[in-house]
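The letters A, B, C and D name the chains in turn, as written, and every chain counts its residues from 1.
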Amino acid sequence: MTETPETATIKKISQETPSIRSFRLDFPMQAKPGQFAMLWLPGIDEKPFTLTAEGKECAVTVQEKGKFTKALFKLKEGDKIGIRGPYGNGFSTSRVKKACIVAGGCGAAPILLLAEELQKQGIKTAIINGARTEKECLFAERLRKTTHDLYITTDDGSLEEQGFVTAPLQRLLEKEKFDCVFGCGPEAMLKKVFELCEKYKVPCQLNLERYMRCATGICGSCVLGKWLVCKDGPVFNSKQLRETEEFGSKALLKCGKDVPIKEFAEWRQQ
Amino acid sequence: MPLETVFAGIKLRNPTVLASGILGTNAEILIRTAKEGGAGAVTMKSIGPCEKDGYANPTILEWEHGLINAVGLPSPGYKNTEEELKQLEKSGIPLIASVYAHSIEEYAEIAGFAEKFKPAMIELNMSCPHSKGEGMPFGLDEETAGQVVKAVKKVSGKTPVMPKLTPQALNIASIASACERAGADAICAINTLGPGMLINPEVRKPVLANKFGGISGPAIKPVALRCVYQIYEAVKLPILGMGGISNGRDAIEFIQAGATTVGVGSAVYYRGIGVFKEVCDEMVQWMKKNNAKSLEEIRGVAHGH
Amino acid sequence: MPLETVFAGIKLRNPTVLASGILGTNAEILIRTAKEGGAGAVTMKSIGPCEKDGYANPTILEWEHGLINAVGLPSPGYKNTEEELKQLEKSGIPLIASVYAHSIEEYAEIAGFAEKFKPAMIELNMSCPHSKGEGMPFGLDEETAGQVVKAVKKVSGKTPVMPKLTPQALNIASIASACERAGADAICAINTLGPGMLINPEVRKPVLANKFGGISGPAIKPVALRCVYQIYEAVKLPILGMGGISNGRDAIEFIQAGATTVGVGSAVYYRGIGVFKEVCDEMVQWMKKNNAKSLEEIRGVAHGH
Amino acid sequence: MTETPETATIKKISQETPSIRSFRLDFPMQAKPGQFAMLWLPGIDEKPFTLTAEGKECAVTVQEKGKFTKALFKLKEGDKIGIRGPYGNGFSTSRVKKACIVAGGCGAAPILLLAEELQKQGIKTAIINGARTEKECLFAERLRKTTHDLYITTDDGSLEEQGFVTAPLQRLLEKEKFDCVFGCGPEAMLKKVFELCEKYKVPCQLNLERYMRCATGICGSCVLGKWLVCKDGPVFNSKQLRETEEFGSKALLKCGKDVPIKEFAEWRQQ
């Protein structure tokens, strides 16, 4: 066992939206939907990214934001990158017969693998995918292939329904009975999804993010209350979330300072 | 029962202690490490004078024979740890508050702050090998180490004070003696060894963002064991021994070398948060099989002829 | 061809060097290590001033992540090595004569003796961590290290002189600089790390007869790599890097850190006497796969940005 | 892999001759005849001993000589001892149809396992066992069970033929054709056995001894010319011995000094 980055070659870069690209890597990784890998750019940083393809080759889907992702976006097909993983627990689909997925923004990354997995298992799935605007709507075409029940919301109404993902979710919960609601996206959104699920007594599994260092459950950088997001998560179920005051409310900055989730989100936008 | 241990006056259910810098970033995870994981005591991530991010990633890696880390002593700054310290005080779990600083005065300042929350103990990290100007320089020299302990003892009230030493010191036993003379209540040994470095030859570059990092885990066990053995012969103080302890048999070896309590850090990587309970079970099994009635009976037996 | 290396003026078929204290007790086994094993150069077991038995057994053990040894620098006494040195001179195999001593004068005396047999190089072992008063004390301090090199250079004629340094030195790069200023022709790093100890808990006693011993093999690789990296930035001299090299990829890492040649010791335990040939094959394969045309091209590339 | 001594309990001590005892250990070790183990007495020393039983339990057969063996002889059944092994190559019996074993003194230790192995494989074997005197003759009874062809010599004639093992060996070589001569015992005797075998063009395999430290082929303490006795040996074949001037002539002392084999033998008697 070693837990140091290995080198992988970028085989294909696809522009998914104006700010999001997928990077397909010549690197085998067996993973469940919701698991992630650590990508390393020597001299720059190492960061966690959800796997959006797995098997003989793997892929990640990344939104351009800060130092690391800007550097990543400069790379071309054929360039090399460091990678280690997979990490985390991923979504559990066992005993699920009918599912709903709610995804928002770039947090939608794990949605594709998850939707494909549910389709493969023949699980009936409704998908709600939210974005700021039509152009930033991730994976819409590919998701359509996995379900007949796709709902898209945009903040500005430029595509389909205007508003947040929570509106179609509430309508669905009102009339249908799901075995599980799977969620990924900004924590503020997930908090609302959780509250809806609690109200309608539907179990959920939500994919969360925290600042990470080791990714292997040792440094404690990624704590969410008593949980380690890298190891106990990044996917948490309703039971775990119920006992976790910090969900949707607090997070540690890189220095270890405990701040309100809003301050954390702002720090991430810097 | 056979594992109950008194360490510098503190009663512990068992002698396993969560090492500093592992998991200990908030109160909840520390409480979980004690309750669910089974640790007899837990140590917070060392807290420093001010807010500090530490190094860029990668900061912590496993390299087959141990871990290497250059986290760079990130810290929320001691004043931002008040909530956690209060919550831990309320929990009643034996907590070791770990402190690092840039000067003797700062050590006293932070230790004085920590003391208000009545931790079981204050650990003085004078041994971090990868952070410039902090920690280690204080642990390389008898006089300085003694001065730090003396300054902290003035403000620590009844809370026992435990300097944490580095294997880079050419004579770790003399440093321990100097700390004993300065009034230390226990000795912790060892912090990470090195520094070392990893290179990824395909990338042609060092892997850690900081290039150099401290080594922990299985690779350092023989050095840690030697340090504990030498310190035991030099001082009367109880010792928290650590460095590469992965299982009950390792823990027994440290106790035979003279440790009263045993720290577990990197093994959390190898075996998960339940490692403390597992180590304890293995210690009890070992004791049964080898007719050791108590830890007292085997403490320090590797000494003499 | 791609592995041919010039090291301090000596032409070597390949950069692998048998480390001192491994196998090198007579001329025949050293010749076999070069011919059958494939080593580019071989080092004799360090020779000392007089006949000395070393410690009782156990003296050398494997403990899962490396070896630990406290052989205690046994030596037939340098005068009794004349036959072996003559035979090696005749063989034409690049031989590094390794010397340990108790004083600066003794280093010069033994080196002067060795020089008569025209070894490819004279290595000054100032770094053995388990033998009292010999070796290591000379390698902990810039001034003493420089004096040893200076004294030896006076008697070594054209034979290049290479001090072998210890990772226990708090600043190995400054020691290397001091040796460079004193006229050294190359630097060897590192000797074993520690000391460390093993305890057999069932027996309740240390395992090595000497209790403490130097650690080598996989466990010390990150420390060795860091030492070579730091020395490379401090001196212009070529470096013989060693410490935990077990395969071709490890050797490439040392070369990227700045080594010109790579020592192999403990890996003889893990892979047998043919390890040199295997390491060379693996280096060539690595170079093909990673488009490295020559060792020159990758030497020191891990430095800079 | 670790190569540190483990603890074993002495299950049974048998007095084989006035100066030789066998120690049966509660310790499993699979070994070939001629392989050896390192025995450790904490605080005293660690020494190599040929295995004289193997399988679920193992045994060694030891002559009382110096510091280590004197300490060993003080131990009782139930006492503990450190052990690691097996080491070395052992005798090879492949392609042997008819064999002769020559053993002398305490060097006869490996003879028992070897004789039993040859018998098990149905290989016709003549055994010549030499001793100083009747009382010091090792394993005579147990050897008799493995062969019909047992020759015993004693220096003083107190048992069977007076003289050295080489006399019956020469008679046998004269009239019979062996596929292999196996030898163990003092090196001076083995040298004579080797010369006889060369004269009669019979391949031989001889069990040699040198001072040992690591037992794993790394320290070079046990060199015999270019060979490592602990790893390439302790059993060497005719081809190896022919190229090895040091056989029967030179050996290293503990300090590494190269001395005539006679001086080495005397040092060992100290």
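The rule we apply is simple: contacts are C-beta pairs under 8 Å (C-beta built on N, C-alpha and C of every residue); 3 or more make two chains touch, one makes a residue touch a chain.
As the structure is a prediction and not an experimental result, all values here were calculated from the model.
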item: Subunit D and subunit B - chains in contact with each; value: C
item: Subunit B-subunit C separation of Cα centroids, rounded to whole Å; value: 34
item: CA centroid of subunit A to CA centroid of subunit D, Å; value: 68
item: Rounded Å distance between subunit A and subunit C, as computed from the means of their C-alpha atoms; value: 51
item: Averaged-CA centre spacing for the pair subunit B and subunit A, given as whole angstrom; value: 36
item: Shared-contact residues (touching 2 or more other chains) in subunit D; value: 43
item: Subunit B: positions in contact with at least two other chains; value: 63-64, 198, 202, 205
item: Chain-level touch network, classified as line, ring, star, complete or other; value: line
item: All pairs of touching chains, each written as two labels joined by a dash; value: A-B, B-C, C-D
item: For the subunit A and subunit B complex, residues of the former touching the latter; value: 1-7, 38, 40, 42-47, 80, 82, 212-214, 216-221, 223, 225-228, 246, 252-258
item: Complex contact set, residues of subunit B against subunit A; value: 21-26, 28-29, 31-32, 45, 51-54, 56-64, 67, 69, 71, 74-77, 80, 83-84, 198, 200, 202-203, 205, 207, 209, 266, 268-269, 272-273
item: Sites on subunit C touched by subunit B in the complex; value: 63-66, 68, 140, 168, 170, 193-199, 201-202, 204-206, 211-212, 215, 218-223, 225-226, 229, 249, 252-253, 256-257, 286, 290, 298, 301-302
